[in-house]
Amino acid sequence: MNTSIRFAVVGGDLRQAKLAEMLAADGHSVSVFALDRADINSSVTQAANIHDAISGADCVVLPLPALSSADIINTPLSDVVLHLDDVLSLCSSEQLICGGRLEHPRICDYFVREELAVLNAAATAEGAIQLAMEAVPITMLGSKILVIGFGRIGKILSHRLRSLGADVTVSARKYADMSWIQVYGYHPVRTDSLLGNLRSYDMIFNTVPAKVLAREHLEGVAPSCLLMDLASKPGGMDFSAASQLGLKAIWALSLPGEVAPLTSGAFIRDTIYNILQERESSL
Amino acid sequence: MNTSIRFAVVGGDLRQAKLAEMLAADGHSVSVFALDRADINSSVTQAANIHDAISGADCVVLPLPALSSADIINTPLSDVVLHLDDVLSLCSSEQLICGGRLEHPRICDYFVREELAVLNAAATAEGAIQLAMEAVPITMLGSKILVIGFGRIGKILSHRLRSLGADVTVSARKYADMSWIQVYGYHPVRTDSLLGNLRSYDMIFNTVPAKVLAREHLEGVAPSCLLMDLASKPGGMDFSAASQLGLKAIWALSLPGEVAPLTSGAFIRDTIYNILQERESSL
Amino acid sequence: MNTSIRFAVVGGDLRQAKLAEMLAADGHSVSVFALDRADINSSVTQAANIHDAISGADCVVLPLPALSSADIINTPLSDVVLHLDDVLSLCSSEQLICGGRLEHPRICDYFVREELAVLNAAATAEGAIQLAMEAVPITMLGSKILVIGFGRIGKILSHRLRSLGADVTVSARKYADMSWIQVYGYHPVRTDSLLGNLRSYDMIFNTVPAKVLAREHLEGVAPSCLLMDLASKPGGMDFSAASQLGLKAIWALSLPGEVAPLTSGAFIRDTIYNILQERESSL
Amino acid sequence: MNTSIRFAVVGGDLRQAKLAEMLAADGHSVSVFALDRADINSSVTQAANIHDAISGADCVVLPLPALSSADIINTPLSDVVLHLDDVLSLCSSEQLICGGRLEHPRICDYFVREELAVLNAAATAEGAIQLAMEAVPITMLGSKILVIGFGRIGKILSHRLRSLGADVTVSARKYADMSWIQVYGYHPVRTDSLLGNLRSYDMIFNTVPAKVLAREHLEGVAPSCLLMDLASKPGGMDFSAASQLGLKAIWALSLPGEVAPLTSGAFIRDTIYNILQERESSL
């Protein structure tokens, strides 16, 4: 972005607050609203109301997720209640409106963009490693770890774990993924052959949003094994069975915003820049 | 493959010879034909003629590429001339016939399988590094290297170059690939912004099968820069311009079979096992 | 260790408890004392008193550190008070007595052994990464990190940070270390040139036990930078200046036992095995 | 080096030629002699005779190795015969004289400097990988490789081989080295336990200058295994036994200058700068 743009950042958590500051640091003019409890520096204008925030903006940025329920904008750092429809009614047709996890004809959902998904997967992988380090009495170095699934998170997580010195096995269903797993230096196994072969792992990370770790799988896991589910709802692990079996199981959701809000804000910024760039090129 | 299978390996180069030996080492019964000049160990049966080789086989394996021209089977290690049609006429409908780079209703083309393509990309990346090491008077350590394209070869090549200590920049067109490039620790650049920004590289590897390095690009390259094109025909580099400009340019094709015939044979074996496994499951 | 050995594990924290279990798992006969509050499995004999624990043992293992003060053995998991002299008076001259961080003519100090120091450095590096991940709102991926010193911890920490995707600079004093730093792919800088060049780092890890980060250095650090001192006392950072400047500074000591007691126990076990092996070879 | 220095580069191979050009590129005034057959660019002055080359120089750089025999300077790129004594008699006491592999009270031997040895080890490791890639029909990816010795070359070679996807075992004698090997993710074995355990390796690299691979070791090696000796004379492998056993064995000496003369020249330059810096600081 070479030219200065006027942004309105409305609602959201620490990521949006950081996003506002970073947009301003890049030379853009930024006003925020409904981020009252965030400590935002003075390069950003605190708008007195939603009307002031939005009027004059080239681009209105709603949070990730954009809505907390029905049509209420997600404003965890403010007591203000903002209805999506009311906000949209303040916007003109020239204004670009971006929001996360929100299908709406008027709004560009930045969360569905692949480049953000990849970056978020990297932050998720790192957050998972942090949580695992906190949870286990062993080092990653020398641990025997299984990663189930070789999608975005599986790819990056395996890469990071191996480079921390773990002995990494990755399960996948497709033969091509088995080749990739081999090429990157992990041990490949078929996801459908996991049953009965889980005893030796110190940690198991699931990334597949399907019940790959059922009760019969968990019964074969070592008592000291850490189980971490990184798959979005409905998850891939029978948590109630894990609990009955006395296994340590963590369902880690929304890691990027939690463990690295600043980096996550930067990821959103970059994605919004890409959206603006594409719009410009297509004009 | 738990059960013993009867294979006929017909024609081909060193890869097929190694393939035959490896199949036999796995406990299968293997006969070969038209591999006369290969030094194959005694675990493999040398068939007296094509009829003997094929009759009784469960699976007939043709080489990669299967044909050298029109309908003649590729037999660089033999003076025998085998017409594809003649060979096929010897096969019964129960026999599985596999061959590489050959579209034919009766033949399963193992070369189009993604898992083989990935493994071959890994061998190609390694071969490219070997050729580059031979060609330059500098170490990979500390070199400034550009990899154009982030497909299969680009992904593995960047990974290997970085781990040899090179400073790796990767160009791609899609924003999502830019994210992956960043996440793996390389410098991302847009392929459409390369023009005028090539001066600082010690080596440039192209993996994109489209003219990404035209004369005007090459005019901006340092005189000592090594150019290597890994893209299949028509390639991605103006070789005639490179030559006129006095640049060192290498078009490296078919690396896997050349630099690592044994490993390449193993890759073909694994792929054929996968094909057999799938057939079995689908019965 | 092929032959079964009788061990007495006396006092200590979770590491010694795990050590006792692992020795027993290796087929040795193990009795423990003064580990009352540890949950030790039944493969290990709980001795009724120190005399029972020690009598009949081939090797007596005291904790790390062996003493909590003067001549009192370190027993954080028990209310028993054990004087070193009393324990030693129970030991015969044939028994091998090992202890950590304890100079005594009768006791083999396993902590001074280089192989344990290296393994502990690896656990320290991992622990430091865990603490840093918890403390910062950014990912390691893409962070600009300075590691001061290229001794054991510096070497492993740089290696791990780089493989997590950080941009790693390492400072050292010796030219040879500068070469190593370059060869492993980090940016080398001279430790004596740090002053005035610290502004750009997101995190600074010190591993040098000498005042390398004085007030004037800290004044040049970015406000959001995380400072972590991994050097043993007296440390290498002016913590009071850091606090006055409002910088986030962590002095992380004794990480291995804290973040990875099980692995640390295994490290002690391996070292004791080495000691026994050497004794045997020298007989 | 902030100030411009006058260098005389006398004799040597391509490395010295490149060194001369790089010194000139850094802004220094450089004259060369006895490099007739090198193609050196015009930023460097070709001296008419040794007297012209040396007179006025602040620093005289002799090659690596400095002498080809007795007291004759090593001049492979020239027919000039230069006696060391004659050259020295032309030098004043203020001039710094540097040379490689030459013990002489008047000459600073840059080859003994640890920082150059480390950099050369990195170039050696890379050269060894290049030679191995050329010699074997398999990829490094997936190869089972043994590196004997964990000194400078062993450290870097293991690091590079592992990152190319090989399964790396490293042998050492000291327990501390075994810890380092484990910490970096290779399999540690004791050098004195190699006998009888070599069958499974695809490649064996020796870095230890002592007979570690005697006939009885080689008898246990797989017929297809590549043996490479990187140890300086007398080497560490029984080459005559290897030859009698029909094993492929390579003794790779002086790799840096051969496979990467340009980088090697840069390493010498950096080392000479360090020498000058130290002299300046010590004044």
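Which chain is which? They are A, B, C and D, in the order written, and residues in each are numbered from 1.
To be clear about the criterion, a contact is a pair of C-beta atoms (placed from the backbone, for glycine too) under 8 Å apart; a residue touches a chain by one contact, two chains touch by 3 or more.
Computed from a predicted structure; not experimentally measured.
The chain with its Cα centroid farthest from the Cα centroid of chain D is A. Where the sister copies chain C and chain D meet, the same residue numbers recur on both sides for over half of the interface positions. The centroid of the Cα atoms in chain B and the matching centroid in chain D are 34 Å apart. Centre-to-centre separation of chain A and chain D, using mean CA positions: 48 Å. Residue positions 122, 141-142, 165, 182-184 of chain A are each in touch with at least two other chains. Across the complex, chain B meets chain C through its residues 141-142, 165, 182-185. On the chain D side of its complex with chain C, the touching residues are 113-119, 121-122, 156, 159, 174-176, 178-180, 182-184, 271, 274.
On chain B, the positions that touch chain D within their shared complex are 14, 18, 122-123, 126-127, 129-130, 133-134, 136-142, 160, 163-165, 259-263.
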